[in-house]
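Both complexes shown next keep subunit A, but they swap its partner, so subunit B is in the first and subunit C is in the second.
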Partner chain A sequence: MMARKTAADARPSRRPLPAGALRRRQLALSTWLYLALLAVATIMTGTFVLAFMASLKVDPLERPFRVYFDQLNPAAWIAAARLGQEGAGDALWGGLSPGAEVDFSVTYGAPAGTEIVEPKAEIPRRRPGSGIAAALMRHYAADYASIALKSSSSAMMQVRAEKGGLQAWQTRTFVYEITYRTDGQDQPWIERTPLNLTAPPSQTLVESPISPSRSERRGRLLSWDNITPGVLGLIFNNYRRVINETADLETGKSLFGSWLVNSFAIAAGRLVLTLVVASLGGYALARLKFSGSRFIFAALLFSMTIPAQVTFVSNYLIFRDLSLLNTPWSVIVVFVASANVLLMKQFFEGFPKEIEEAAIMDGASRFQVFWKIVLPNAKPALLVNAILAFQGAWNDFFWPLVLITSPPEALTVQVGLLSLRRSFGGAQGDWGLVLAGAFISIVPVLILFVLFQRHIVSNELTRGIT
Partner chain B sequence: MLLRPARTLAAATMLLGLPALANETVRISGWGGSEVAIVNGLLTDVLAEKLAKEGITVKYEPVDGEFSQFIINGLSAGTAPDLFYVDIFWARSVFSAGQALPVTQDVSGFAANLVEAFTYEGKLYAIPKDFNTLAVHFNKDIFDDAGVAYPSDGDTWKTLQEKLVAVHEALPEVDGLCLVPEYARFGAFALSTGWTPFDSRGRTMLDQRFRRAFEFYTGLVKSGAAVLAADAGQSWAGGCLASERAAIAIEGAWIISALRDSAPNMNLGTVRMPKDLESGKRGNIVFTVGWTVNAASKVSKAAAKVAELLTSKEAQQWVLEQGLALPSRTGLADNSWLRGGRPEQMTSRVILEGLSDDHVMPYFFGKVGGSWMQPINAALNSVILGETDADTALASAQSALDRMLAN
Partner chain C sequence: MGRAGSEERSGWLFILPFTVSMALFFVYAIVRTAYYSFTDFDLFKAPSFVGLSNYTALVSDELFLTALRNTIGFSLIVTTVQTALALALAVLVNHAVRARGLVRTVFYLPSIMSSAAMTLIFLWLFQRDGFMTAIVGVVLAYHRHILLFFVGIAAVQGALVLKARRRYDGVSIFDPFFLLVAAASALTLVVACALAGLLPVFDNDLRVSWLNTQQRFFFMPVTLWSVALMNIFTTVPTLMLLFLAGLQSIPNALYDAAEIDGANAFQRFRHITVPALRPVTFAVVTMSIIGTLQMFDQVAILGDAAPLASRVTLAYYVYENAFPAGASSRIGMASAAALVLGILTIAVVYVQKSVGVKERAE
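So, the complex of A and B:
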């Protein structure tokens, strides 16, 4: 009562607003706050969503950016599933295997009066130009598949003319059948069935089950990278390529898998090391009184200001002399953040001393107090530390880049992503692969956050309430 | 899995006492991109038997990203592979630090100017594995649609420029050429005037001849014949050609593998670099890469043997026929494969001819290295962007070069 009265007395000039105005003001404030949060969230997730969409595209750098393309089009998914089924009996991942009979229909249109000619169809021998894919490609659809025109039919359609109004167009639909020749000795499964259709630029493609990957020769030639993709093969083509095209040249095993394992091992190792060092160090600095403890604490704080780049040459040479280069151990031990120690120290300092004293009265040793009393109660701090350490190690780029250079299967996923940037004449990268790889690499951290996000924000107080 | 029986077989033949050497493992490394298929193909298809006979197991580690950084780090830390690529562009820093072993094999079969490029203080430190020069690659469909004659070997700067302007006028959405403000492309024009990067006293003089080439190159954008690659949303001329944004690209044979990925059906033509009208000569830049044996290698003899095999006639013939690179051996210059009509055959032929252009210089700048190009690149960039005029830009480039070379 007293408090309320004092507060009211202190500001005699301010009369309470009428209820309606107050409510409007509150509403306006919360609307602004909501909009601001929404804007931040949109900017954050917007780039994320756009990048994800781009990672599905054949050409992620296409301009203008389309938001509607085959990989997001359910009609194309159904067509891709049918083509995959006909090609290799696999509606999910597609391919071309013996016994395949694939019907692929394309419809060309042209203004009335222009003759629509049959396009020249060809299964080209498309050879990857670069990277490990070029070294590992063994079977080409061109060697096993034949293509023939099965039927064609004509129709009319209405097209919106440039000047407005409708214009009558004639159309012709050509149905091609792609079969797997059975005359050869070996009959391998083939991942991709490319197709080229060459037609005069006067006629336009108006319909096909899946869109051409690119239009070449100034509209004369439409080229499909794979006409038997299967639904997942269509949507996640870049993701499949990341796994398949980063293979070990000797064993053919996917490098991306071993990069993920390495990253995981390093992150787990650093997590354990961080927890051990940070909790022991933090406790010692918080509780044990020994000479030089203040100096150590000061050194700790000071070390936080030194960037890793300053010490990397000396660290590198030390690891070389210990023969730890190109092993995960070097990256695990190189970097225990003093910030983690500091975090634990602060936590332990807030821990009630009386409980520890009671334990000591009961005959517990210092270590027993730490192990049996303090540590079990430090779970929130340990969890936060663990998550920070794991995330930091997983996303670390600098140290793995410097300390692990070969063999290719020893890299971490973040450094491995770098090798997806194929270059010609010093420029140009395969951005579809880079984006797909980057998205795969964030999955573990994402899972970690989803699982532990409750612990990140919870503490003893909130736990008591809920 | 497929390789395992082959390896067992190799091991079995070795046990029978065929090899002259004990089994040694040689680590070799080069950069990625289209090189992976070349080196891997050589090791697994062409040279597998010979390597097994020598008792050498090769561990190939392609490195994507910054290769020179990788190798210089590795050399200073003692973790570098036994045999590795050196680009003539930065090879000198490896040679002068004593980190490469001199070549002992007979190199009489290799092109003399390539061997010369890897010679340091009288000793040869790397075996040239292949080379590249610049050529004019063009999209025939664009010229057909525009109704303009194709570029030809007889083109001069002027006629080429006229053709490009005509293409842009007929097809406004297409530009003639994507330009990069870099000596690596512009240099070919400068050299064709008879200008040399270093005069007899080791100084760089940006004289009247240089200025003529400079004005032509920077004037291409203004005349409507070209656009800056960056303005077309591309990082290099090949990207513009692949996306049909530009009618021609001035690049080396590496453009073939880029086109295989991004424009596999392009109706491509390749002709030699245009001539300077005044001098009537052509200029070109030679890019070359060699294999160098690490001086700290424990298996240097085996590594030298691997280098020898990788650059043998048989190996180079195979590489040539894959359409992937040009051989450094002169004996292969009149190979029948080069007379074929496929785009990669045609391109390879033109690139090879580039080696015998009138004024050819390697892409190499003495002890100052790549920083020598920076003042020239900066001048090109500022003039093309319209920030300064040629007088000011060249004067400041000249004084920067003088300062650099005075030390």
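So, the complex of A and C:
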């Protein structure tokens, strides 16, 4: 009644939207909402998915960006597994070992009338990468393996021509056999078997078990970095390389491996130390009345706002004077666990006082109360603190950068990533290595996140608001 | 008396490990930094007093002034943008009840990653002919399509709304249902035009130097804009979760009452959501300011991938002076700059706090 009257006052025949139309609007609004969320989530995760895909590629900077390549192609996985099996009896990681006989077939095609000639095949003395590995490489497949044409056969195939429509092509398949010569005395296992095929430009490669790593001289020279990769060796080639090729020149030990070990040691040390300091300190600030507690609390809050760059010169000097530079101890100890103490303080404040007081009345000491009653009940807060401490120490970049500078194997993984960037991350750099290194460095924190997601997320909320 | 005394003693014993670490690595360190800022210390020879000359040297050092400008600009831009984005995103997620759990997981991922790994991924993304360039290239290639799409939406939406307003009350310009229709018809229009060959693709072979460049945009080097983009990308999710928690603590009854009183969506946001979120906003802005003023990791990892002047921040300037490549340490300069950085941080946080408190009292 009301609506009709006001509408009549204003202009003839203006009504509110009918119920059906309103419901449609609600639905449309939800559609927009979820579309927007989908877009944001795509941007968020898409970046990581793309970067991860790129980290598997031979050339992460390739343009245009392909989303379908050997490392994501199940047919290539099967072929790689077979080649690895034939090469070294290892379908996962491949290689070439004594007694191996590997069949590798390639098919060339050309328009009818063009003769397809046998490509020139050779196993080159190629170094795997640009890095230190080149200097460390001791065994070349070229010295131990020989390649021979086993058989060839011709066929016809239909090819989609550029102007549309099908065109008949003739094809020829060449089956090569790569054998491990068994004449020499020492017969090492060889990690990879490169292959070069040179053919005239009139014929093109139409099929091979795994795609060539690169093609040079306008497709005349096709080269494979490794034709006996094994399935994991194919997919995670860059990951294997970042472990193997960042090696110490003298010992040959993997630098990336020791960076990971160092980071683990530092993170574990910091975790233990933080738990002790934070639970004791948090309990004192929450429960015990002592002179100076307000001053310490103020200093705690203050220390959370001051950047580490303000204090690092003095801390560097302290560890230099103690000769603790370039040891994990310096990085473990230097951290002032203010945020962790604050977190424990807040937890203990919400903890019922009565039980503790009863125990004190019964003559227990403060430490007994803390050890026997308070700590066993503080497990959730301790867990959150442990996760945060580990994550913080693992991801820490600044303190390891300042306190650990040499030798190369003493670095942590985050500072190691910086040296990876310096050695490989240029404009024409080996970005596969850099990205693979970055993704390996994420793994421990990612596992932690997946296992304890609920705790991390909920805690981050409370920490921020207070 | 005895009990109070024992509490005093055990209190000090309990807090002792933390106090020692704080006194040694924080308080003593600040005092020493302040002392070194008045000396010519170089890490090896004994420091001798030089008065204020480090500070006068700072003020006349072009690189320091650049670092100061860069840091303030960076902090200002990143804090503003990421606070606004995080709030918008939180409002969005808060309405999307069904997706909340998933969103929390997905959005949290970037913030658990180390800055080093994140920077490497972004470096790859921002290579001169990398993926970011490719995206911009595609947008450029199809800019006519995109333009037509938006013009189409505006036209159809306008027509639909005008027509509906003749008959009905309370049809908003952004009516979601009409917008859906408008988007669908604009998309059809674009596809039809493209198929008919009316929209040529703009061929371009784009190369953009996102990082290795001296160019400036607005008042900040392009390099730092790229770093800002990365920083926003990694921090927004965390801040969004803080806002989300704040939003969920606002009672729904407030919104219902306001709706009955005839407040529209924007008015409800302005007069209920914003005031209720003030404490959270304060926390978020403070965290952002502290985080951005000490921007260091990303800049250090960029290293020689970008010219020093295009990426230097105060925190990096301090480090660069303490451990310069191929020169002896200038600890005096480094300490003076470090003090400037510390004081700047405290000042900004303090100002922000007093402004925030005043607003809250209104």
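One rule holds in what follows: the second predicted complex is superposed on the first by the 396 of 466 C-alpha atoms of A that agree within 3 Å, B and C clash if a C-alpha of one lies under 4 Å from a C-alpha of the other, contacts with A are read in each partner's own complex, and residues count from 1 in each chain.
Note that in this section contacts are C-beta pairs under 8 Å (C-beta built on N, C-alpha and C of every residue); 3 or more make two chains touch, one makes a residue touch a chain.
What you see is a predicted model; the values in this text were computed from it and never measured.
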Contacts of A:Leu317 with subunit B and subunit C, given as first, second, both or neither: both
Partner chain in contact with A:Leu325 - subunit B first, subunit C second, else both or neither: first
Partner chain(s) touched by A:Gln158 [first = subunit B, second = subunit C, both, neither]: neither
Which of subunit B and subunit C A:Ser202 touches, first, second, both or neither: neither
Broader residue contact with subunit A after superposition on the shared chain, subunit B or subunit C: C
Which of subunit B and subunit C A:Arg421 touches, first, second, both or neither: both
Contacts of A:Arg217 with subunit B and subunit C, given as first, second, both or neither: first
First (subunit B), second (subunit C), both or neither touched by A:Ser406: first
First, second, both or neither for A:Ser441, with subunit B first and subunit C second: second
Contacts of A:Ser338 with subunit B and subunit C, given as first, second, both or neither: second
Subunit A positions touched by subunit B in one structure and by subunit C in the second: 61, 63, 316-317, 402, 418, 420-422, 425-427
Residues on subunit B engaged by subunit A in the complex (per definition of touch): 1-3, 27, 29, 32-34, 36-37, 40-41, 44, 59-65, 70, 73-74, 77-79, 81, 141-142, 145, 233, 235-236, 238-239, 244, 251-252, 254-261, 263-267
Complex contacts: residues of subunit A adjacent to subunit C: 3, 7, 13-17, 21, 24-25, 27-34, 36-37, 40-41, 44-45, 47-48, 50-51, 54, 60-61, 63-65, 276-278, 280-281, 283-285, 288-293, 296, 299-300, 303-318, 333-338, 341, 365-367, 370, 391, 394-395, 397-398, 401-402, 414-415, 417-418, 420-422, 425-427, 431, 434-435, 437-439, 441-442, 445-446, 448-449, 453, 456-457, 460-461, 464-466
Residue numbers on subunit C that touch subunit A, as the complex places them: 4, 6-12, 14-19, 21-22, 24-30, 32-33, 36, 43, 89, 92-93, 95-96, 99, 103-110, 112-117, 120-121, 123-125, 127-131, 134, 166-171, 175-177, 179-180, 212, 233, 237-238, 241-242, 245-246, 279-280, 283-284, 287, 290, 293-294, 296-297, 300-301, 303-305, 314-315, 318-319, 322-323, 331, 334-335, 338-339, 341-342, 345-346, 349
Subunit A to subunit B touching residues, read off their complex: 61, 63, 124, 126-132, 134-135, 196, 214, 216-218, 220-221, 223, 249-252, 316-317, 320, 325-326, 402, 405-408, 418-428, 430
